[in-house]
Structures are given as C-alpha cells and as structure tokens.
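Labels for the chains are A, B, C and D, by order of writing; each one numbers its residues from 1.
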C-alpha cells in the first residue's frame, strides 16, 4: 500500500514538473470525464473524443443558425421541423456538457469544493458558455418573434469555446500580445493615412461628387476601401489630380498591409524559434 | 579488376551517405531509364531531359484542354483536327511514360519483383497517373458527348504529377505541415470574423437590401469579398452605420491576410534556417 | 542623512545604467510635471495619466474636425454650439500643455536656461505643436470663411504628436530606415511594372477604350489599381489579349505586395532579435 | 617621396581587403570620371553627383515620354516645342554619358585596351544603353509617324540602367534567385488553383453567363481577378453554388498571396542575417 503511494507521489511529482498541473490518473467516472473535457488534462496529442464531438456540435449549431436566416431555406417543407428538433438536441448536448464540466472540474484542485465551484462559475469562459446556452431555453417554442430570433444569434458566441481547445493558439496570441505596441502603431499609422487621403480627396473631389467625397467621413469610405486594397469601385476619383492622389493612396495601401504583416511574421518567427530553443538539446 | 570494384564500393558508400538511397550506375537500358524518370535517382542538378519533356507535354495537354472549351476557338477551321491529333500524341506519350515507369521501377529495390510492382501500382501517385490517362482512351473518337467531355477535364489532374518533381516542394510542404495547427487557427479566426461581419451587415442592411444582406448566408458573400480584400463591388453597405461596420471589416481583413502570411513566413524562415544548419560547417 | 544620500546615489546609478538617462526624483511641481509630460522620464510602463489625457484630447479634436465637414451633421441643431464650445476647450487644453512643456523642459539639462528653451522652441516637434495649435486662435469666432475652415484641417497635424509617445515606434522606424534602400528598390520595381503594364494596355486597348487606355497616364490609373490589387473595376481590358496582359499584371501584383512585405518582415524580425540579444543573459 | 609611396601602398592594400577591388586614386580627368560614373569605384556612401544627375535625367525622360501620349497635353500650345527641345537635351546628355563611360572604363584593368573596350561594348548593360539611346536619333525630326512613336517607347528601357546603381539590389536579387525553386512552386500552385476555380465556375455558371464563364479561358479572367484579390467586379458568380465556390476561391487567394510573401520574407531575412554574420565581430 505504501509502495503504491510512493509511486503515485513520483508520478505526481513528474507531472508537476512537466505540465505545471497535476492531472489525475484515477479511474473514477469523474476523473475520466475531467480528462476527456479539460484539454490540458488530455495526455495524448490532439483532442479527446468528447471534445471533438462538442466542437462538431458547435459548428453544426452555428451552421444551422446561419441557414435559419435564409428565406428560401425557411420556405422549404420540413425545414422548420428540422430546426425545432436540432435545437432541442443541441440544447440537450450543451446542457449536458455544462453540467459535466461543472461536476468534473472538482478533479482540478484549484476548483475543489463549493468555493472552487463558485470560482469556476464566474470565470469568463463559463459565463460565455451559459450565455451561449441560454437562448436555447429562451427561444424554445416561440417561432416568429423577431427580438427573440435576434437573441438566438448569441449562439454564434458558442464558437468562442473553440478558443479553449488549442495549445498553438496560446503561442500565437502570446506572440501577438508581445508585439501589441508595434501592432497598435501600425494601426495608428493606417488611421493617419486614412485621414490624410480622405482629406485630400474631400478637397479635390468634394465639389464634383458630393455624395462620395462631400465630407471627410464620406471620403473615408473610399479611403478605407482603397488603403485596405478592397476597392469596391462604387466610388472613385474622376479628376486627373484626384486619380493621382488615389493612385498614391493605393500604393501606400501596400505599406498599410505590409506593416502589420511584417510585425506578425517577425513575432511568430521569434515565438517559434524561442519554443524550439526551450526544448533541451539531445545529448 | 578488384581495384575497380573497390572504387565502385567507395562511390556507392558515399552515395548512400549523401542521398540515403543507392542510385544504380549500371548502364543497362532499364537503369538509364530509371535514372531519367525517377527525380531522386538523377545525380545532376535540375530535372532529366525526359522528365522535362514530360512536364512540357503535361502543360501543353492542359493548355489544349482549356482551349478546347472556348467556342470561338472551336469554330476555327482545323482546330478540331489539331485536337484529335494532339490527343492521340499525348495518349501515346503518357502511355509510354506509364509503361516505362512501371518497367524501370524494378531498379528500385523497394519495388522489385511482382509484389513490388503491385505495391507500386496501388501508390496514390500511380493511380493519379492512370486516372489522368484514362480519359484519352474513353473519349477517343467521340466528339460531341457532353458527359465524356466533362470526363476529359480529369486531364487537369495530370498537373498533379508535377508535385513529384521537386525537392524544394518537400521543404515547403513540411514547413506548412508543421504549422498546420497555427494555420487552422488563423482559418478559424477568419471564419469567426466572416460570421461576425455577416451577422452585423445582415442586421444593419438586411431590410434595405434584401437581395444582398437579407440573410446571413447572403451577407457572407459580401463578407468574404471584403475580408479577403477582393471587393467585387457588386454589393456594399449603403447606410452610414453599415459603411462604418464595412470599413471595420475591411480593416480587419488586413489581419485575416497578415495572420496566415506571418505564420507561413515564419515557418519557411525556420525551415530554411534548419536546412542551412544541417549542412556541416566547412573546416 | 548621509545614509539617504548613499541610497539615492545607488538608485541614480542604477537608473543611469538601465535607461542611459537620469530621470529626476525631485518632488517640486516642475519636476512632477516633467515626469508626467516627457515619456522618457516616466519610470513606470505605459504612458503617464496626463499624456493619456492629451492623446484622448487629440483624438477627440480630430474626430470633431472630421465630423464638422459632414453637411448632415452640421444641419443638426446644437452641433454648431458643440463645435464652438469644444474648440474653446481644446484650445485651452493644448495651450496649457504647450506652456507646461515649455516650463517643465528645464528639468532636462539639455534644455536648461534661456538658450536651452530657444533650442527647444525650434525643434521640429515643438514647431508642429505650435502649428497645430494656431488654427484654434485664427479661426475662433469666424464660421463661414472657407479658406479659414481649410486652415483648421491643420489640426489633423496634432496627430503627429502621437509619434512622440512610444518606444516601439523607435524600433520600427529604425528597422525601416536601415532597409530604406531595399524598400526604395521595391518601390522602383513597382514603378517599372506600373509603366510596363500601362504601356502594354495603352497599346492593346487604347483604340478601343480611349477614355480608359487612350494614353499611358490614363492607363496608369488601371495599372495602379491592378498592381496594388485594389481593382475598382471602373476600367478593365475588354479584348482577349488585353485580358491576358491584365491577368499577368494582376499576378505580378502579388510580387509588388510580397516584396516590401518581405523586406519589412525581415527588417522587423532582425530588429526584434537584436533587441533581445542586447539584453544580458541571466546568470 | 618613398614615404608617400609607402602610405599609398598601405591605403591601396586596405582598400583591397575592404572592397575586394582596387579603385584608383589618380587625379587624371579619366580617373575622376571613372570614379564618378562607376558606382563600385565611388568610395563615399550613396551615389556620385554625376550618377544622381543621370538618374534624374532618365526619370525626367521617362515622365516626358509618358506625358507625350496624353492627347490633352499634346493639345496644349508649346508642349510640342517642349518635347522637341527636351528630346535634344536628353539625346545630348545620354550620348555624352555613353561616350564618357566608354572612355573612362579603361581605368578598370578588366576593360583596358581595344579588346577590353570591345568586351565592354557587348555587355548586356551597354547594349541596353545603346538601344535606349537609339530612338532619340531615329525619331528626331519626325513627329506624326505612329510606328516611330512606338519606337520611342523603348526609352522606358533606360530605366533598366537604374539596376546598375545599387548594392542592396544585389542582396535582394540574390536572395530571390536562391529561392527561385520555392517561388516557382508557389507560382505553379497559384496556376493549379486558377485552373481548378476556373473549371468549377465554368461548370457551375457557364450556362447562365456564357460571356463570363462560357469557357475555361473566359472563366480564368474571373479566377485571376479573384485569386489575386484584385476583384474588378465586372464578372462574378450569380448562383448560390457559384458564390460558395467563389468565396472558397477568394479565401484560397489569401494562400496564393501568403505563399510567395512568406518565401520572400524568409529569403530576405536569411540574406540580411548572413550579411550581418559576415562582418567580423568587434574585438
């Protein structure tokens, strides 16, 4: 018996040093559920079967919510029934998930007991889960009320759950966070260029095309479409001088795209390199 | 004589260490053919003359297949004859290539004998070769059948053969594969942004422009054109608030392009550096 | 007492080695003001409360200046009063800022005394501050004069003050400056491509569409829209050959965007790495 | 005297080790001219005054050639005279430059004597110089002949001279050359995507919009505009399925831009790093 405790202690110590967290290796239902639901407790690469199933459910729920807004689909016979049934299934799945998470989180020492559960309940990700689930109960049964239908779009928020599932996401968001000042500067740079080009076009074409360039806010619609290289083509300069400034704006747009791309590329390159260097060299 | 064998052994050993494969230096027809057809057995830089000729044939066959669909070209006198003749030439060339590959692959110890040939036959690249060749025989002689003509588009698949010809391709695809999670996250990020912007535009402009923004799937057409900075300009927001959100979407589009570009740039930079470091330093 | 001086000396020495500048730790009003106004004297991370307030004022002033040009907003009752009052508040705030900067800069040994103040007064950033402030006094009271209204657009220049507030900006601008030749080459490369594509389209479509491609300067409008991938769609080639060259131009546009992006990404990557290497390794 | 020779030898040795070339320090007219004209013999940073003047002349000549094609400018009184006079001045300047280069190149041991001059004469850059100069003599005096006017566009080639003026260019072109296989693969990848999307749109929208998607070559015009994110908006899918594939094509367009950008960024990053490492560390 004491032998077993000694081995357990060893494994636990090893785990602590490796993952800075103690995933349980117990075989109770709650422990198994915790390993399945918490991505950081899942020892194998990739996602656990239950988490994969939940992601698939979220994607399916989002696609159905989108399809629901299309009148030609709503006019199809049986589509309404499909929505009602799938809504009830998704409500069941996501409610079960929430309860399972709430119960199994007790395996994590941080959230043990009643105070731990309350702490878990007020975490932003739990609150988003509940907010994403609530429309299923609030809109159940009702069909035509527009405001309630609007409420159901909150289900798109369930996608935010995906954010919990990946390690790579952590590297990316950390790299972006570390270069947040540089990215803000490139955004400020883009805003200044937007203003300058909108002001010039307002001065040059404001008289000729009052609807498109009659004020700086109106000219900004053209500026943003040009500097981001979207270029709808609903408005564009007509005079020679306006076209010269328009062309210069389009050329500057390359810089507006190149600056953040360069910062992000450099940030990711450094982050990947750092991660590689952290791994101890083979001896 | 034994001197010659000793030198041959030396060269062979050197080759093994350099390319982790033993290209034969025999002078039989089959060995020569193998060296010409298998890019990894070709010792000199670049591609062998036969492989270059095959690539040229594939490109020519693809261009002719494309040209065939154009009614103004089909109306030209002699064009039909050109197609018939070139189809027969290409059928001959690609059949000869397939047979030559099947025969000469025996030089590779991995595919020696009947079982080796069967193993070679069921490789994906061989199956694509056969699939790309089959329409030449299936459509031969027939001219007006639309479904058979459709079948002939499979010839575009012959381009997939090009994938076999390059070492650089391996470095690129490996670098992309290593960052597949990061790339998937940037795709998911783009999808979430697509959904958010489509939902906003649906809410803001759905009443005013039911054809363009009357449902989220319809609004997605505008969203994808804006976030990818394509900007056809067939649909765009008309209200002030719609334009504000449209402009924000266009600005976010920079991030949608910058994220994968940054990941890919960082991945390639690491891959190139790693390859450089692998080469032993000169002493 | 001598103990206190010893500690102060220590802190001062530490500061010198850390920031290569000696921020004063005196508690006079002028010293406090200097620490609040000069970003490099602010020991804590981020910006000082007063500088944050000034940035917020600049952004608010710029937004109001933009809004002022919109006729629908000018037609709103009370908007004119809002502008008049906010103009007076901004004039007060920015004048107070200028005087406070002028007084507190004496804490910096470089700008001490009358000659130091004169030296501070003729710095470009101070001149921009004064130029940005002057329209508030020149346009005060007048409302309808177009030329004076034009003058007020100079307030957009107040945004240039933002440039003073960030360390990250220094790294970015230095990295771009170090690669100025490479960036100029990619600009020259873009210009040559613009000329070539404009000349080809002028030759191919000049007869058919004289308004769009009747001269090289006219064709340049299409070229710049295509090579920067803006693509308004107001003009585009109509003939088959024109479309072939147009498509090639669009493909070359990828290179026109990729070149500066690549240079900027490489420049930033090197700059970030260099900064990391400068920090002494922990021992 | 022998002291002077010793110092000269020292300087010369130093130069050899620094620039791997021996610029002459003689004070004859020919030597001075050579230092002014050959960018690699110019010891100071930047370009020599004469080379700067020549670049300005080339840019001015190109701008005038472009302006000449614009009918509204040609209609201006005095414009014809301006062109005639400036053409004669440019002919003089570029002829003088060519002769000066031909004479002064003798300072370079590689091109000394008659055989050296012949070697210089048949270099591609010299031939381009001559080809760029010839239209000035061929079109002199004639005004209305269209074919001769066409010939004058060759003057745009004088821009190619710019290529000789920069060291940074060498680093960039070498970096691109080293990654030519990777860049070719990304081009091939773009071509395959172009074909696939064009074929799908031809199949999906060919019946509905025969002018835009009636054949694969016609559909390619839409494909190239979408994949390069130009998006003119002259043609776009109208059916739901066509829009789904169109949207996927636009999303793939991000990859088409990201691939070469990533390769170029990685290539430049490596090239800049390598150059940095070549410089000996300070001791």
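The rule is short, and it goes like this: contacts are C-beta pairs under 8 Å (C-beta built on N, C-alpha and C of every residue); 3 or more make two chains touch, one makes a residue touch a chain.
Quantities reported herein were computed from a predicted structural model and do not represent experimental measurements.
Participant: Rounded to the nearest 5 degrees, what angle rotates subunit A onto subunit B on CA?
Facilitator: Rotation angle between the two copies comes out at 90 degrees.
Participant: So, comparing C-alpha centroids, which chain is the farthest one from subunit B?
Facilitator: Greatest centre separation from subunit B goes to chain C.
Participant: Between subunit A and subunit C, what's the gap in Å when you average each chain's C-alpha atoms?
Facilitator: 30
Participant: Which whole number of Å gives the spacing of the CA centres of subunit B and subunit C?
Facilitator: Roughly 43 Å separates the two chain centres.
Participant: Got the subunit B residues that touch at least 2 other chains?
Facilitator: 217, 220, 225, 229-233, 257, 261-262, 265-267, 269
Participant: In their complex, what parts of subunit D are in touch with subunit B?
Facilitator: Interface residues on the subunit D side: 179, 181-182, 185-186, 188, 192, 195-196, 198-199, 202-203, 214-218, 220, 225-226, 229-233, 236, 240, 243, 246-247, 250-251, 253-255, 257-259, 261-263, 265-267, 269-270.
Participant: Inside the complex, what are the residues of subunit A that reach subunit B?
Facilitator: On the subunit A side, the touching residues are 62, 65-67, 69-71, 150, 153, 156, 159, 162, 166-169, 171-172, 190, 217, 220-221, 224-225, 228-234, 256-257, 260-261, 264-269, 271-273, 276.
Participant: Spell out the residues on subunit D that touch subunit A in their complex, using ranges where they run on.
Facilitator: Touching subunit A from subunit D are residues 229-233, 261-262, 265, 269.
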